[in-house]
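After this come two complexes, each holding chain A, first together with chain B and then together with chain C.
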Partner chain A sequence: MNFMSEFSLNDFLYMTKGLGVSITLTLWAVFFGTLMGIIFGFVRSVVGFFLNFIIGSILDIFRSVPLLIQLILANALSAILKFGYSPFQISCIVLAVYTSSYVSETVRSGLLSVPIPFRRSSRSLGLTYFQTLKEIIFPLALRVSFPSWVGITLGVFKDTSLVLWIGIIELLKSSQIIITRTQEPLLILSIAGILYFTVSFCFTRVTGMIEKKWEKYEL
Partner chain B sequence: MINIIDVYKSFGKLQILKGINMEVKKNKVHSILGASGSGKSTLLQCINGLEKIQKGRILVDGIEVGDKKTNLNFLRTKIGIVFQQFNVFPHLTTLENVTLALKVVLKKRNKDAKEIALQQLEKIGLSDKINTYPSKLSGGQQQRLAIARALAMSPSYMLFDEITSALDPMLVGEVLDALRYLKNDGMTMMIITHEIRFAKEVSDKISFLHEGVVIESGAPKDIIDNPKETETIKFLERSLK
Partner chain C sequence: MNYTFHWYPAFKLLPKMLIGSITTIEVAFLSILFGIIIAAILAIAKNSKNKIFSSFASTWIEISRNTPALYQIYMAYFGLGTFGIYVGSFGALLIGITFNNAGYLAEIFRGGLRAIPSTQMKTARSLGMNFIQSFIYIIFPQLFRIVFHSIANQTVWAILMTSLGVIVGMNSDLMGVTNELNSLSFRTFEYFLLAAILYYLITKLFLGSAFLINLKLFRY
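Coming up: the complex of A and B.
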């Protein structure tokens, strides 16, 4: 048996193209998801119980319904209502909302983790509400929330593989396409796995460096 | 001068302050004694507007704290307050803790803020710790830093809310020394403390608070050595045991 018989460099390039799609999807989803998550999380940390409950419940839907179902439903809905969004755009939207539901939760708990006495001292020094947010509360909450945000981002990156079900050729789909031809699933899935791992590894190295910088003080 | 006129404050149904009258004169030290839950801390936080009062008036240099037109953020720069739990900001170094409000609130330039901060830290004996984060400081050092941070704003008044209560007994001395230093400097202060002997030593006037009411007020000697009210007597007996 010739080990490398079917799998060619072109196949590998094809897979990296798929990886590019996965990364692009992740970037859009995490960017908008984080933005929305910060807004929702902040709102939830300041509003009363009732409004918090409503926003929380809505976001809970996106956290609890399997992403695959959300993708297929959104895709179908878009087709029925003739929104004219491409599967890629739909994937971005669904993933971003999905991400925001998780991010809002960590942002909220991060903000609430900042002890009230810090706010009181800050206001006592004459800082306004917003100055206190910017100088004291956000930096402290960021440090608490950041590790879970990293985890969410890694999760979303892997979850992008689900979009193959609405017809997007990302890394996993491109691997499957090659498998159907070469019939070497173990080799090709290993390569796909290594590619996922490499990207995640680089990402956690970078975020690890950021966290390292914060180690010089304790909360 | 701080005038507290017939002040009422409640949290929901819980009545904390029930008609407080008090006057803190310039360059005087006014101590407030009283058991936990008597409303001492709440009173201090009403003075800089952290807590809103329901009835009565609080005037700081003639400016009404509760008035909607009062610029509270500006007023607060005139009233330094130090809390029981140090509350120094953990993500900022000693120096940054002091310069923050100078830069953000008083809009000082970096260089000027640093100069003021270094002066204050020197006075309070923290010059060798300027680049240290609070987690590496002792409780006493953190509390002195909190004092320096408040002083850097050059306030007209300093309010101290049980600032030695969370400290190891060994570290109480250094913090009280800072207050003695301030008194000699002529700072107008309101001090809530359980250190009765210290209160007697530095105060010009002592008020005893019980269940939201000032039940006894006067010169330290009169209050500490010759208390008249039963509650005061009971409290002092317990404290000085």
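Coming up: the complex of A and C.
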């Protein structure tokens, strides 16, 4: 009698469900991470050296400690303080903070890449400070920061695979579960790899098209 | 909050964790070393006119850059078994990270190679050096200067990535040691906070020494 069952369409659907979890996690993390990153990056480009150093080194911690440990620590802390967050919420928060530490760096360098005369001339044309930011600085900085933002987003999408450690069934965990049953690691991992690859590849293509579109507005 | 932190037992296990850190550093440096060698070959192969070499290199680079590092470690741990190759968790970790590093470093090298004018190679060849010689004596020293900073960053990545070994059952590196100690006492927060601090120190120490090497090597 054969106790092993073959890889079936249901298993594939199960894996795509896992992929859905990965993508949802990425979307939330990138959304909040980008928001926070823009705020931090903007603050860092405005304030003086000392404050900049403090914010920078706090954000740097999230880049110097393995994400896996950050997830474990956040999970343990939430249990200790009895926050009662679900693992999904915890990983969203951790990934968002992780994303923001990278995004703040690119936003800052993007904002600093806009030449100072641009600000001065727009102010002298009668725009207010916030109008200058909105109409002149941000669009120019966006073009500089966008490629690295794409890289960060892809990195976060790949890093969502780590959340399996705190008990979320995402793409890699779901493939592991199927491997345990069917004992066909190569086939199933290849399918998982193709899924990861396809998503990353499509994302790069779409953002590449956006970048192309912006190219004609290049300075 | 009625949870009492127990820091003392965590500190008592610090020596074990430090021994684990040595394994972590070992894996990271081995993977970077192999990664650099493979990446140099991949970068040359990708620029070559031979279709087979260049498509092999681009396949490697695309796969390693577009799938998670953890997936690559899984592939080495579970996937290689299909071919009858059984690597332990150490081997799987090393293979996975090396594969990943090689892909990223190859792209870094390719960017660096593009920054070196092609006339350098032509001049070296016309002076009578063969391809290997001109690469080692002329191109590589210039390339190294350009990519040094990126290699340092990639090494930090490698150090952080070694923590993934624990998912495939690695128990001798910093993360693995911490995890094993944790399963004995379930003082999760204390132990892992200590491990986090150690990881932070390792990366900062590495970046500091890279900075010093940078000053020493590129003072001209």
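Please note the rule applied: the second predicted complex is superposed on the first by the 212 of 219 C-alpha atoms of A that agree within 3 Å, B and C clash if a C-alpha of one lies under 4 Å from a C-alpha of the other, contacts with A are read in each partner's own complex, and residues count from 1 in each chain.
Assume contacts are C-beta pairs under 8 Å (C-beta built on N, C-alpha and C of every residue); 3 or more make two chains touch, one makes a residue touch a chain.
The shown structure was predicted, so the numbers you read here are calculated from the model rather than taken from an experiment.
By the touch criterion defined above, A:R120 lies against chain B but remains apart from chain C after alignment on the C-alpha atoms of chain A.
In the overlay built on the shared chain, the residue A:E135 is in contact with chain B alone; chain C does not reach it. In the superposition on chain A, A:R143 makes contact with chain B only, not with chain C.
By the touch criterion defined above, A:L81 lies against chain C but remains apart from chain B after alignment on the C-alpha atoms of chain A.
In the superposition on chain A, A:K216 makes contact with chain B only, not with chain C.
Annotation for chain A, partner touching more residues between chain B and chain C: C. Once the two complexes are laid over each other on the shared chain, residue contacts for A:Q176 go to chain C alone; chain B is not touched.
Interface residues of chain A, counted against chain C in their complex, comprise 61, 64-70, 72-73, 75-77, 80-82, 154, 158-162, 164-165, 172, 176, 179, 184-186, 189-190, 192-193, 196-197, 200-201.
Across the complex, chain B is touched by residues 117-118, 120-128, 131, 135-136, 139-140, 143, 214, 216-219 of chain A.
Contact residues on chain C toward chain A in their complex (touch as defined above): 1, 3, 62-63, 66-71, 74-75, 78-79, 81-82, 156, 160-161, 163-164, 166-167, 175, 188-189, 192-193, 195-196, 199-200, 203-204. Partner chain A is touched in their complex by these residues of chain B: 45, 48, 50, 73-74, 76-77, 79-81, 83, 85, 87-91, 100-101, 104-106, 133-135, 146, 149-150, 153.
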